[in-house]
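Structures follow.
Same chain, two partners: chain A is paired with chain B first, then with chain C.
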Partner chain A sequence: MPRLLSTILTLRRDPRLLKLPPYLSLLCIVVGVVWLLLLPLDDYSRRTYISENALLPGQVHTYFGGSDQNVFRAYRHEVDALKDKTNIEINDGLETIIKGIGLKVGRQNYTYHSAGNTYAGENAYAILHAPRGDATEAIVLVTAWKNVKGEFNRNGVALALTLARYFKRWSLWSKDIILVIPPDSRAGIQAWVDAYHDAHDSSNVASLPIKSGLLQGAVAVDYPHEGRFEGVHIVYDGVNGQLPNLDLINSINNIANGQMGMHSFIQERFGHSDKYNDRLKTMLRGMMNQGLGHAVGPHSSFIPYHVDAVTLQPVGNGWHDEMGLGRLVEGTFRSLNNLLEHLHQSFFFYLLIHKDRFVSIGTYLPSAMLVAVNFTIMAILMWVKSGSGDGSSAVTGTETVGGKKEVVTATPSAPPTAERELYLPLGIVIACHFLGALPLFIFNHTPSHLLAPFFLVFSIFNVTLPPLISNLVNLTATRPLTLQQLYLLKSFSLLLLGMFLSSLATLNFSLAFLVGLVSTPLSFARPWPNHAVVRYAYAALLHIVSPAAVVLAGTAAYASTMGLGENGSGLLDTLEYVLSEAAFGWDVWGLYIPLVVWCVWWPAWLVGSLVVLGQPGTKTKMKSA
Partner chain B sequence: MGFQDTAGLYSAAAALRLALFTFFPALPDLLTSRVEVSTPVTSFKRLQEGLFLYNHNVSPYDGGVYHQAPLLLPLFSLLPDASTYPFFTYLLYILVDIASAHALYKIAESGEAATSKLFTSARKDRQWSGYVVAAIFLFNPFTIATCLGRPTSVFTTCAILHAIVKAISGNPLTSMLALSFAAYLSMYPIILLPPLILLAYDRQHPSNKTISLLPFAGITVLTVATSLSTLFAISYLLTGSWEFFSSTYGIQLTLTDLTPNVGLWWYFFIEMFDSFRSFFLGVFWLHLSSYMGGLSIRIRSQPLATITILLSIFSIFKPYPSIADISLSLAVVPLFRHVFPLMRYTFFAASTILYSAFLGPAFYYLWIYAGSGNANFFYAITLVWSLGQSLLVSDLTFAVLRDEWEVERPEMGKLLSFFTPTVDGDEIMARFVDDTEARGSVLIAADGSSSMTLSLLGEPGTLYALPARFMGVTAVLSEDEMKPLRSINPLFSQGAHPGTGYFMWFSVLSTAETNGSLGPG
Partner chain C sequence: MKLSRILQLPVLLASTLLAPVHHVAAEHTSNWAVLVGTSRFWFNYRHLANVLSMYRTVKRLGIPDSQIILMLPDDMACNPRNAFPGTVYSNSDRAVDLYGDNIEVDYRGYEVTVENFIRLLTDRVGDEMPRSKRLLTDDRSNILVYMTGHGGNEFLKFQDAEEIGAFDLADAFEQMWEKRRYHEILFMIDTCQANTMYSKLYSPNIIATGSSELDQSSYSHHADNDVGVAVIDRYTYYNLEFLESEVRDLSSKKTVGDLFDSYTFEKIHSHAGVRYDLFPGGADVARNRLLTDFFGNIQNIEVDGAKNSTVDDEMLALSRTIARLRVLADQEALESKNATTSANTETRPKKKIQLTKSLTDDNWWSKKVVGATTLAGCVALWTLGSYLEGSRK
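After this line comes the complex of A and B, so read on.
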């Protein structure tokens, strides 16, 4: 035992121990990525199952159909008549129809300002009071007048009106049913949900005149599609990457596949082969949507309020008609109506790889955590290195901390702890993080037509910023940054990055993973005082993974998938679209992605570039020369 | 020691707070509703509730929401309504922060942390100035968040710091008055009384230095008792009943309000069977107060260190802790800048506190808002948070004791960091890891096999295993038995067997027991 102890103690002083962490860090990244790629395999994913017994999906007979089809056609005729009217006229028309059904109607005005544009409108909604309920709980049916793509949701609105009329006849509802018809799928429904939970800014969004109880679930129908359809596309991503309870998606799948004989799809993978390739694509697309955190349908705005919601979109050409979709909604509502308490049994954190296979949080979280941990490992290493003399065994620099250290540099075997000069590195890291507020402010307050030029100017400025700051620090400080200070700079920055990413991984796994992955070069950034080529090559590599470059690359990729990237102006338009979407998300949906990009990722990248550009050895020579 | 040199600092801190109040009008209310900032016994929202009842001539404790001291009510009812004219409330909290900072400034400038009456640290030159200590307090994010969240614990903080200042400047009675006020507001500061008495006793004016400790303690305790009784009497007159006792101190003692907070009590008492509740309440309180006696006795020579450690312990183990408590404990820790080089886990403790400060709100969000986590998420993080703070406080205790130990044994525990010839080349200067140094004409290294001196010379020492085994035997022999051996050699002898190579060696030692030189004693 004493021998073992002494071995460990000798090992502790072994300089080779200091060489281990970079490899450990690299291992963490590699394992993290491989882990993610393994997830679609059968061994790491599970079949979905209904966890909440009360749901009983597909176990009731649905009666929607028959003569309701005539009602549907009549309502569609009414809706068509309103098509080109103004928002107010449409709502007047809808109010007359809904009052005719016998429901209470409420209307709500809202005005949002974002990127110089104004988004104003009026929501119409109606409450069907449950004959058997006490108005403490409610289920929501949303059909926006226009869907997220701006298409006229003709059949959806008509179907919702038909369903409202049909539901009114039944006495079995124990929860109120709320029918919401916002003029668009993005701002209107957000205003309604905010106001329903009294979380609205009353100067822009009016309060709701009538309300019901706690929302237990919401289903949005997005049905601009004409003719018969093959199956439903279930859209489930919420704002900021939050997801609805898996039981809701499972129930709809169960009803659609089992009872209606419909196909169901997720993440726009129509024709999923359930092989590795398709599963991976489904998962990655889900992660991309989660990471961007934008609203993908009118249901998205409900999810931050812990209301489980999905959007149903009929797709393809098949034999199902609007009555089938109506029965699917009816079946889902009957299941939600059965709930005794809020959906809580099943998972809130999952990655769906197929409509009935998922990966749960315990299985996928380690991959993001490993990527985040790699930063923490390097931060600790840098802290240790900064304290162990000047770490000359690892790095080529010789002139450093104190003036009288010639003796020490010759003895890396037993490094004495050096006093750390904390203040300058700490100040730089904090200043960089506060500097992030600047792009955050600019890109959320610029009118949309200026966004693209501003961003290009910023990108160019971004290239010159690290050398600028590096020189500024060297000019203002009494002497250039020493190697120790550069180590500390990197240590603090990576420590913060690791901390932010591991916190973020619990909220939005995909965002944390993606940001972590593109930030990995920061782990291995270090000063190369004597290798100008390596230094500039690494600085160039960092520029490739800089937030500005990644946003530009993402925009170009998006433009090419949308077929817009043929010429420069198409690209610029796409950039403007992406940036104004981000600003809209920040102002209306409360997206925190811009905050993560500008106040977490960008400062970490900036500090990483400063570390690479630092020249602790050569600078002193230049000064003495 | 006036406001002149710190006026800039204070106005910067006030400007920052005013800017946050002005440009982020939603921030104060957001922070007020956070469990990390507001606890049931300090919350500003609950104060408003109590104030409303008080202004409508209803007992403020009737609603079962208000658990704070009655005297706060007339103070806040003097201010214009906080919801319509929040500016005056902001101003009050900013002023309280600055008053606390000024107290800290004076504590740091007095140098008490490194040079008390009974103890002078060898590192006393490495202290931070009052300016730096006050700046660390004022610009600590926890302090700023506390100021914005407006819990009433800032008044307790201010009173405690002023009690310390007054004790140091030789005004024991004022100090006790300030402590009474702190205890009146929050109860737990009464535990600080013993170390504060010691501090005040050590720092009396030389003129009235005649009485010994016990009478002095008697007088101070009497002062505290009198001033507390007066405060209670005023409270009784204000509210018209003794109800406030059970609604303020009773809540803290019995933990009836189990709103989550950053401490360790709430979860424990949620899980507790009712039959064990009173027993564990006793245990928890006993645990919290048990540190007082031990620390006051062990670190008798540095009462300020005792107070600092106790304040850090409060912020971990008290029933309703919040970030206001850690902001106080992080405010007094920098007074001990001189022992920082002796602390071993600063990086780890700081990282733990930092990580949990970010993960805590994230997990609370998952539990309360997203509904996708549960109470265990948040509680797990409060455990980590407490772990970080415990590391900090135990490390600080170690450093303070080690500092004392080094003064007691100046030659012990030096670790050579490097040596170098002096500039004129006549002497050798050896420097130690604690930044002390020694000079001499010759450096004699006797620091063993893993000699630092050798490795500094570039040839690290190693142990060589000899191809031989030794066995030693001692025997006590009488003088007669010794004679044949002595005849070979009076002191020692050696020899080797020519065939086997076995080597034998013996030595003779005449002891006092056998040669008769042992004295009668």
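After this line comes the complex of A and C, so read on.
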């Protein structure tokens, strides 16, 4: 035992030990990425199952149909007549119809300001009180007048009205049913959900005149599609990458596939082969949506309030008609009606790779964690290095003759612990993080037409920022940053990054993984005082993975997929769209993604660039250069 | 005192000799049923339907409501989710409304607890408990105990909050036996791993049967797609089927064995179990009990003035014991007389002191030695310590 201890102690002093962490760190990254790529395999994913006993999906006959078809056509006629009216006129019309069904109607005004634009409108909603229920719980049926793409949700609204009329005839509801018809799918429903939970800013969003019980689930119908359809696309991503309970998605899949004979799709993979390729694409698209954290349908706004919600979109050409979709909604509502409490049995953290295969958090989390851990390992290494005294001596060694350097590095069998100069590196790291508030403020408070130019200016400024700060520090400080200070700089920065990312991974796995992956070059950033070429090459590499460059690249990719990237103006428009979307998310949905980008990722990147550009030389050398 | 007993003895002997020989144990004078559902919530509709269909069957065969204890933890009929308000059906043909007329629920809602169930069985209830909620049985009562709910290995869940263990149940039955609260019991249970529930019973005169073995689930039979839930469990369904087709009225001669033989894996989808060993006479006697002895209301009427065979039996046994004891006492007296005369040795019974007994017998001495050594070592250490302390001073 003592011998073992002494071996460990001697090993601790072994200089080779300090060579190990970079490889370990690289290994973590590689394993993390490979881990993610393995997830779509059968061994690492599981088949979905219904774990809440009460749901009993597909066990009831659905009777929506028959003469309801005529009712549907009539309502669609009414909806068509309202098509080109103003929001208020539409709501007047809807109110008349809904009151005709015999439901209580409420209306709510809202006004949001974001990126110089005003998003105002009026929501209309109705409450169907459960005839024998106790009004303590409710389920929501949402049909926005316009869907996320801005298309007129003609069939959706008509279907919802027909369903409301049909549901009114049943006496078996244990929960109230709320029908919400916001004018759009983005701001209106957010205002409604906020107000329902009394979490609204009453200067911009009006309180709700009538309310029901606790929301237990929500289904949004997005049905601008004309004609018969093949299957239903289940959209489930929520704001900030939160997801609804997997039981809800499974139940809808179960009812659609088993009872209605309808296909169901997720993540726009229509015609999923259930092979590795499709599974991976499904997963990556899900991760992208989760990482961006934006609302992808009217259901998204419900999820932060722990109300499980999905949007159903009919897609393709098949033999199912509106009544089929209506029956799917009916079946889902009957299942939700059976619930005794919130959906809680199944998973809230999962990656779906196929409509009935998923990866649970325990399986996928290690990949993001490993990527985050690589930063922590390097941070610890830097801390050790900064304290070993090796740093300053090595510098003196390199400054002088090569032969002397060897002597210096060879002699310290027990390197003296150097005093660490903490204040300057710590100050720089903290300052960089606070500096992040600047772009955060700018991009959330600039009018939308200025966003794209501002961003381009910022990008150029971003390129010059690291050398600027580097010089500034070197000029103002009594002497340029020593190697030890650069080590500490990197240590603090990576420590923070590792910490942020590993805690973020539990909230929004995809965002943590993506940011972690793009930031990996920061782990290996170090000063190259004698190799100007390597230094500038690495600085260039860092610029490629800078937040600004990634946003630009993402915009270009988005533009090319939308077919807008042919000319420069299209690209600019897309950039403006993306940025105003981010600002909208920040202002309306409460996205925290901009915060992560500008106050976690960008500062880490900035400090990394400073480290690369750092030339731990003497002041005279700096001045000569 | 002694004199009077001696005088009674020939009378008793004579009476037993004269009494008819058929003091058969099968004779019971009342039938009771304890029907317990233990789960609440809408999706457990079938458990309540199980209990109610059993209730209907025993009522059909003549057990009056006053002798049926019905425990229903939830009210499915009035659940807002029920598409047919006020009704409970155990079949998707919805021919018979189990919740229709003349239904008397004795324990409902949150009254259905393990405590109340055991108190009911053992009759440990307060004065305020109405007679309708008590199991007023005696040693001539046959009881059908039927339970259904969600269970596991040696437990049955009550209301999502607590559970009754197989040992609790066995002890309750034993207490009933000790308090002479039953003549015979037919215990039926329909739950997952049901057979484990009766595995711990140890009181006599119990026939037990359950729907499924250890690690087996008990499955539902079918669902009603308008009610939207499963309406009955397989085991109960086939029990009912047998009872309804074979035991049409009280004149039925179908036996318990016939019912148990009708259980097949194909029908129930689990291995139904039966336990006869608690029954005096074992499987043969138990299997020959009529189903109407438990499900029906056969009343063997006791004509006033006729001999109560139980009392007679017991008096006979008592007088025999007394006679035997007397003979023993005489012998002992004789022997002691002999002993005192011959050897004058000590024959007085030694006064015994009950020593404390360790729970396990293994290595008792070695443990003592280890303990003693440890103590001695401690003392030695202390002595050494104090010695050294003293010397330093």
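What to note about this one:
Criterion: the second predicted complex is superposed on the first by the 596 of 625 C-alpha atoms of A that agree within 3 Å, B and C clash if a C-alpha of one lies under 4 Å from a C-alpha of the other, contacts with A are read in each partner's own complex, and residues count from 1 in each chain.
Heads up, the rule we're going with is that contacts are C-beta pairs under 8 Å (C-beta built on N, C-alpha and C of every residue); 3 or more make two chains touch, one makes a residue touch a chain.
Predicted model only: the values in this text are computed from it and were never measured.
In the superposition on chain A, contact is made by A:Q242 with chain B only, not with chain C. Contact with chain B, but none with chain C, is seen for A:F348 once the two complexes are overlaid on the shared chain. In the superposed model, A:N444 makes contact with neither chain B nor chain C.
Looking at the shared chain after the overlay, A:S25 reaches neither chain B nor chain C. Comparing chain C and chain B on the residues of chain A they touch gives the larger count to B.
Of the two partner chains placed by the overlay, only chain B lies in contact with A:L495; chain C stays clear of it. In the overlay built on the shared chain, the residue A:S388 is in contact with neither chain B nor chain C. When the shared chain is aligned, no partner comes close enough to touch A:N87: not chain B, not chain C. Chain A uses no single residue to touch chain B in one structure and chain C in the other.
Chain A makes touch with chain C in their complex at residues 53-54, 56, 59-61, 130-134, 170-174, 334, 337-338, 340. In the complex of the two chains, the chain C residues touching chain A come out as 41-43, 78-83, 85, 223, 225-226, 228-230. Within the complex formed with chain A, the residues of chain B that make contact are 341, 347, 351, 354-355, 358-359, 362-363, 365-366, 369-373, 415, 417-420, 433, 435, 450, 452, 455-456, 458, 460.
Interface residues of chain A, counted against chain B in their complex, comprise 242, 304, 306, 342, 344, 348-349, 376, 379-380, 383, 404-405, 407-408, 410-411, 413-414, 416-417, 419, 495, 499-500, 502-504, 506-507.
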